[in-house]
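Here come two complexes built around chain A, the first alongside chain B, the second alongside chain C.
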Partner chain A sequence: MLTEELVDLSRLQFAVTALYHFLFVPLTLGLAFILVIMELTYVITDRPIYKDMVRFWGKLFGINFALGVTTGITMEFQFGTNWAYYSHYVGDIFGAPLAIEGLMAFFLESTFIGLFFFGWDRLNKWQHFMVTVLMAVGSNLSALWILIANGWMQDPIGAEFSFVTMRMEMTDFWAIVFNPTAQAKFVHTVSAGYVTASLFVLGISSYYLLKGRDLDFARRSFRIAAGFGFASALSVIVLGDESGYTVSESQQAKMAAIEAMWETEPAPAAFTVFALPNEAAQRNDYELQIPYVLGLIGTRSLTETLPGIKEIKARNRERIENGIQAVVALEKLRKNHGDELARAQFEASKADLGFGLLLKKYTVDVSQATPAMIQQAVDDTIPRVAPLFWSFRLMVALGFLFLVLFSFALFYSVKGNFIEKKWLLRWALWFIPMPWIAAELGWVVAEYGRQPWTIYGVLPTHISVSNLTPGNLYGSLAGFVGFYTALLIVEMYLMTKYARQGPASLGTGKYHGEKATGGALPAGAAADKI
Partner chain B sequence: MLVKILLPDFLHHRLAREIALAIAIKLVVIAALFYAFFDGRAVHPDADSVAERIANPEQQTSN
Partner chain C sequence: MDYETLKLVWWLLVGVLLVGFAIMDGHDMGMGVLLPFVGRNDLERRALINTVAPHWDGNQVWFITAGGAIFAAWPLVYATAFSGFYWAMMAALWALFFRPVGFDYRSKIQNPTWRSTWDWGLFIGGAVPPIIFGVAFGNLLQGVPFHFNDLMMSTYTGSFWALLNPFALLAGVVSLAMITTQGANYLMMRTEGDLYRRVRGASLIFAALTLVSFALAGVWVAQGIDGYVITSAVDANALPDPLAKTVEVSTGAWMHNYTQYAWAMWVPIVAFAALAASILFSRLHQAGAAFWSSSIANAGIIGTAGVSMFPFIMPSSTDPRSSLTVYDAVSSHLTLGLMLGATVIFMPLIIFYTSWAYKVMWGKVTTEYIAANDKSVY
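Let's turn to the complex of A and B:
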């Protein structure tokens, strides 16, 4: 059996690399579409300031893309080394969307990003605009395939276990592609990226407005970010609700843990705004609830109940006991593939094979599992409540704050007096990091909430890892942390440097701090009169 | 000055040079991490070794 330390280290390493990687992703997803809006405005109006906006925000996009690209590849290293059993068990399914994502990223996204930066003098403006559109679509399609893979980990449909090959085999590719869990995750995730980018543009534009520089450039950027950000913040909440609905259908243990719902309540269940979850006593020491709301969100009905943790545990106990039959039958089938009795037994119980495998953490011979071991496995089926409860609430609170911020920004943009609202500009500026925090919390909810499974209900995490040495994992973990931290520092340095320079970094001679060139207006006064 | 002349056009911009340098260092570091911790260490379990782990009541240890 594998040690807890090894499993935890493998998990930690993957979590750290994934969380670092996702610091770069959302800005790429969202800024690409903001560039599309700015460039469309340019090709329609033919006003050079919009071209400057595309080039300047595109420059920041380029910095983020250059620093972020390939940061996801380290996770792929880990599949082969740290997660070899996972890779064998589900590689047939998981590998396909990952491979398609690789093709998308290299052949669509990267190609058009190259054309975006180097095509200004080689393409006419409509052609360049189409390149920008394809760059945005390409980066979002990359995310789609990753989230199809991730969605399958949360809700493994369209596949079946084969006792001959000892792996999950794909039975329906399109079921995997159109998995409702994956689709809901995709639209929710990319919307979060759009919010991130909108707040990034809004915040930096606010900085220029607060400094009283590049006013026309900043005003136009602010308005575009306010409009796009408002729509995105609204989407992220609505689509987050959809994502939550899929969780309540396919991952009830995760939902119950997120809601710290220990007992099954009469429908429609109350939503707990605040609570102090007490895992040992399986209750909340203190809670503040809003009646009916959770039932309506989670089931979209007034009559359907959502199971509480205790009910889910009782169900999972039955599944673990049934799973023991599946494991025993599998053991017999591995010795003799033609054993018809074992085959019938396996077919009857294979839906619970994963639950039987949970016992492998405590005993090699699951048929000899004691009641205490079964109880431990039952307890394992519920992820820890407090981290999920609080991560989720913080993420949702931030989501609503984004909506409020963008509502004000859009309202005053329409009224045309947002420059006078210093509090709004300061809020936008200081809120720039918040969408990243919300996105990371979202991933914590999604992935920590999936425990104890790598593939929900199918493959336990402790079965999935390779038997490496902890020393090796500590070494590579330290290497990754150092590497990603350095990348982050370089990203912050370059972003801050070029954001402070502002559109003057384009060298057109028209912006704050530049010397006037040719027919350009004098520095200082220029920006407001373009 | 000579170095600048020898550089491709797009590297004449300061930002392009900074990004190019960052990407080059990044690729070197990723390659170093790969060779230090991952190259040759990938495990390739087959059906039997997976069965050994999950469907063997007398299982010892496995990679």
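Let's turn to the complex of A and C:
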């Protein structure tokens, strides 16, 4: 029996491990390209300081990458261990991009990261540059394929249900690859990664500048981060808007919940800046709106309407009632594949099969569903409004703040006097964690907003889980929390240690803290020696 | 390509990926197993670690890709096995956690306790996964207690402790010994002096242990283990539906394929011959030949398990018709074809650039080299 406790724990474990994994992914995605830019500058100018930059930022990249790999394996296992029915039901479609991700992206990234770190003395500088490029391309390609998989969860096109195999089957691979939802997600997500990495480099460089050390090194790093970060912050907003457009096309319930829009409003709808959503009464207790804006973002027209929550629920009620027919017919067909009557009934109602399956949360025999159960299922089709409303707004606000910060950073980089702008340096330093917060909020919006589905409109979350016991989940969850906490402490310790030490950690004898002893062994590096 | 052929090709390809994993990730896991025993001081241990430092991450992708390919090609196997073997999978996963951080973080801090802790972490990351995968194979050979309901939801009715039965533990020994041999043979190529002497000793011991335990497991399978036979007509081109067949349990059934197809006997014979060759070449100080021999032995051992059970992948001991086979646990025709295309394109590329990476980094890793490159190596 799939209890709600089991389902909630499975969701919690997935959320914890996925959000944790995504602490490391964005920095990898972005820092890889920043390393490419630095190394390109090195091979063109032949100035050793750029090589030192690649090696130092590369060290921090490596510390982060190790945990990205560690926590990534969890994600690969977890669909099977904890989401067995999901894996069966959509593995025909969902498994393919994962396997291609391994073949096309992980091998590339993981093979070349080894040469990136250990190949300096064995490759000429162009060869090493190519290695860095391939590593960056590999890591970004892996984001492409996993987001194609995720895009299909949000907008499941190019597939059809088969009652014989009792699962979704792929009908059009290229539709899945070029799914607009997936493509918009990909560019938005990697841009967010570039912002994260740019702010990381910008902030740590600012720290050195504020301390008045390693000025040349920090100044050059700052400039590169400012340029790359400005372009990325701009694109994250533009492409985020593209994401918003695809959501309003494919997931009206998510859009309505994000906007706390209970009623269908006349086009073009207003954008609600601030509201206190009241779930029970299905209205906002207070709201502050800007006219027209949401209609423009969501529909890119002045005349199309966006449906409100109440209207979506009314439509979903019809789909659930029709879905009951689909489930009943399917269950007959499963017992007897040749039942023509059931077959005809199923073909007529199968578009709503997923909605019928929503009732499995409340009753094994869906045909016996009471009006109260149907009402519960209808209510389930709208994710909770307040968390989405606020997560989304906080993410967007941070996105605009990044753009402002990078605009200043770029402006003063061009003017050349950013070292004097202490307020800017401090802002960059203290803002280092913010892109992570924005990225995690983005995932909350995307995935929490997809509820009650794992595959939108096709497969309810409730029946996607493995048939385990809550005891299993408490045990594994405790294990993950324990391991991940310990790993995070170790990672943060090393990251801070090396960031504070700065380029002196390379042991070249040229940087801050290394000349103090005057001996062969620099002071700053002494702690690191065997 | 017709559906039946694709189903058979994917059985082979999953096998290829598992063998690739055993050869590639196997040698760095084997290094991890030997690390605390063969390396007697920090410099020696760092020398061992740095023989795989540039490669372990790429090698691990064989494992990840095998997992992804099983998901894509055999979704029911992925779903049923991973959720059924829940605690075993968690243990393997948590053991694997020690590898990336062990490799990358170990030498970033000088403290001896810190370093030796991570050395044992690398040992766990090297030893536990092969044991678990061996134990898993041992259980697959005996059948696993699970069944499907009408909607194909699987329920696993066994316990974690039941997985640790004597035959499965023996399979775990085969797996661990084979991976350790692989690691020792690799290290013979990349070390010299005392380290070389010790890893060569390990190679001889573990190859012999693999040989003996593999032979023992073979006798056990022939004499004491129930195999499974499909008793209904098999339409290999049909849409996959595990519940459409009937299955019987019979002792010695895992030997049928060897009596039916004479060529099948070559698979275990190659395994034995390759293990013997590994021992011979280690004795002759032919490290490269020994490494190739143990690589072939890995293929022979994994192949033997596959051939014995064919067409079964995961037989059900409690509801035999729920058993998963190469015909009915698979993805759609389109997905299998597509995945084959992707494999044909990318696998040669992967082999090409992986070989290049090894070529670039090739050579003996000495303690002098480690001391001279303290800052830049693991």
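Here is the rule we go by: the second predicted complex is superposed on the first by the 511 of 530 C-alpha atoms of A that agree within 3 Å, B and C clash if a C-alpha of one lies under 4 Å from a C-alpha of the other, contacts with A are read in each partner's own complex, and residues count from 1 in each chain.
Rule of thumb we're sticking to: contacts are C-beta pairs under 8 Å (C-beta built on N, C-alpha and C of every residue); 3 or more make two chains touch, one makes a residue touch a chain.
Source: prediction; values computed, not measured.
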Fill in the blank from the handout: So, after the overlay on chain A, do chain B and chain C clash or fit? They clash
Practice task
Report for A:Val364: first if it touches chain B alone, second if chain C alone, otherwise both or neither.
Solution key: first
Practice task
Kindly classify A:Ile63 by the partners it touches after superposition: chain B alone (first), chain C alone (second), both, or neither?
Solution key: both
Practice task
Applying the touch criterion given at the start, work out whether A:Lys422 contacts chain B, chain C, both or neither, answering first, second, both or neither.
Solution key: neither
Practice task
Report for A:Arg300: first if it touches chain B alone, second if chain C alone, otherwise both or neither.
Solution key: neither
Problem - Touching partner for A:Thr74 - first (chain B), second (chain C), both, neither - result: both
Exercise for the section: Kindly classify A:Glu101 by the partners it touches after superposition: chain B alone (first), chain C alone (second), both, or neither? Expected result: second
Problem - Chain touching more of chain A, residue-wise (chain B, chain C) - result: C
Problem - Offending stretch of chain C which, after superposing on A, collides with chain B (from 2-10, 38-46 or 56-64) - result: 38-46
Handout entry: Overlapping contact positions on chain A, where the chain C interface meets the chain B interface
Key = 62-63, 66-67, 69-70, 73-74, 77, 80-81, 84-85, 88, 117-118, 164-167, 331, 334, 463, 466-468, 472, 475-476, 479, 483, 487, 490, 494, 498, 505
Exercise for the section: Write out the stretch or stretches of chain B touching chain A in their complex. Expected result: 10, 15, 18-19, 22-23, 26-27, 29-30, 33-34, 36-38, 41-48, 50-51, 53-59, 61-63
Problem - List of chain A residues in touch with chain C within their complex - result: 62-63, 65-67, 69-70, 72-74, 76-77, 79-82, 84-88, 91-96, 98-104, 106-108, 110-115, 117-120, 122-123, 162, 164-167, 169-171, 173, 331, 334-335, 463, 466-468, 472, 475-476, 479, 483, 487, 490-491, 494, 498, 505-507, 525, 527-530
Practice task
Using the touch definition up top, name the residues of chain C that touch chain A in the complex.
Solution key: 42-43, 50, 53-58, 60-61, 64-65, 67-69, 71-73, 75-76, 78-83, 86-87, 89-90, 93-94, 96-97, 99-101, 103-105, 108-110, 150-156, 239-241, 331-332, 334-335, 338-339, 342-343, 346-347, 350, 353-354, 357, 360-361, 371, 374-377
Completion exercise
Listed in rising order, the residues of chain A that touch chain B in the complex are 1, 59, 62-63, 66-67, 69-70, 73-74, 77-78, 80-81, 84-85, 88-89, 117-118, 164-167, 327, 330-331, 333-334, 357, 360, 364-368, 463, 466-468, 472, 475-476, 479-480, 483, 486-487, 490, 494, 498, 505
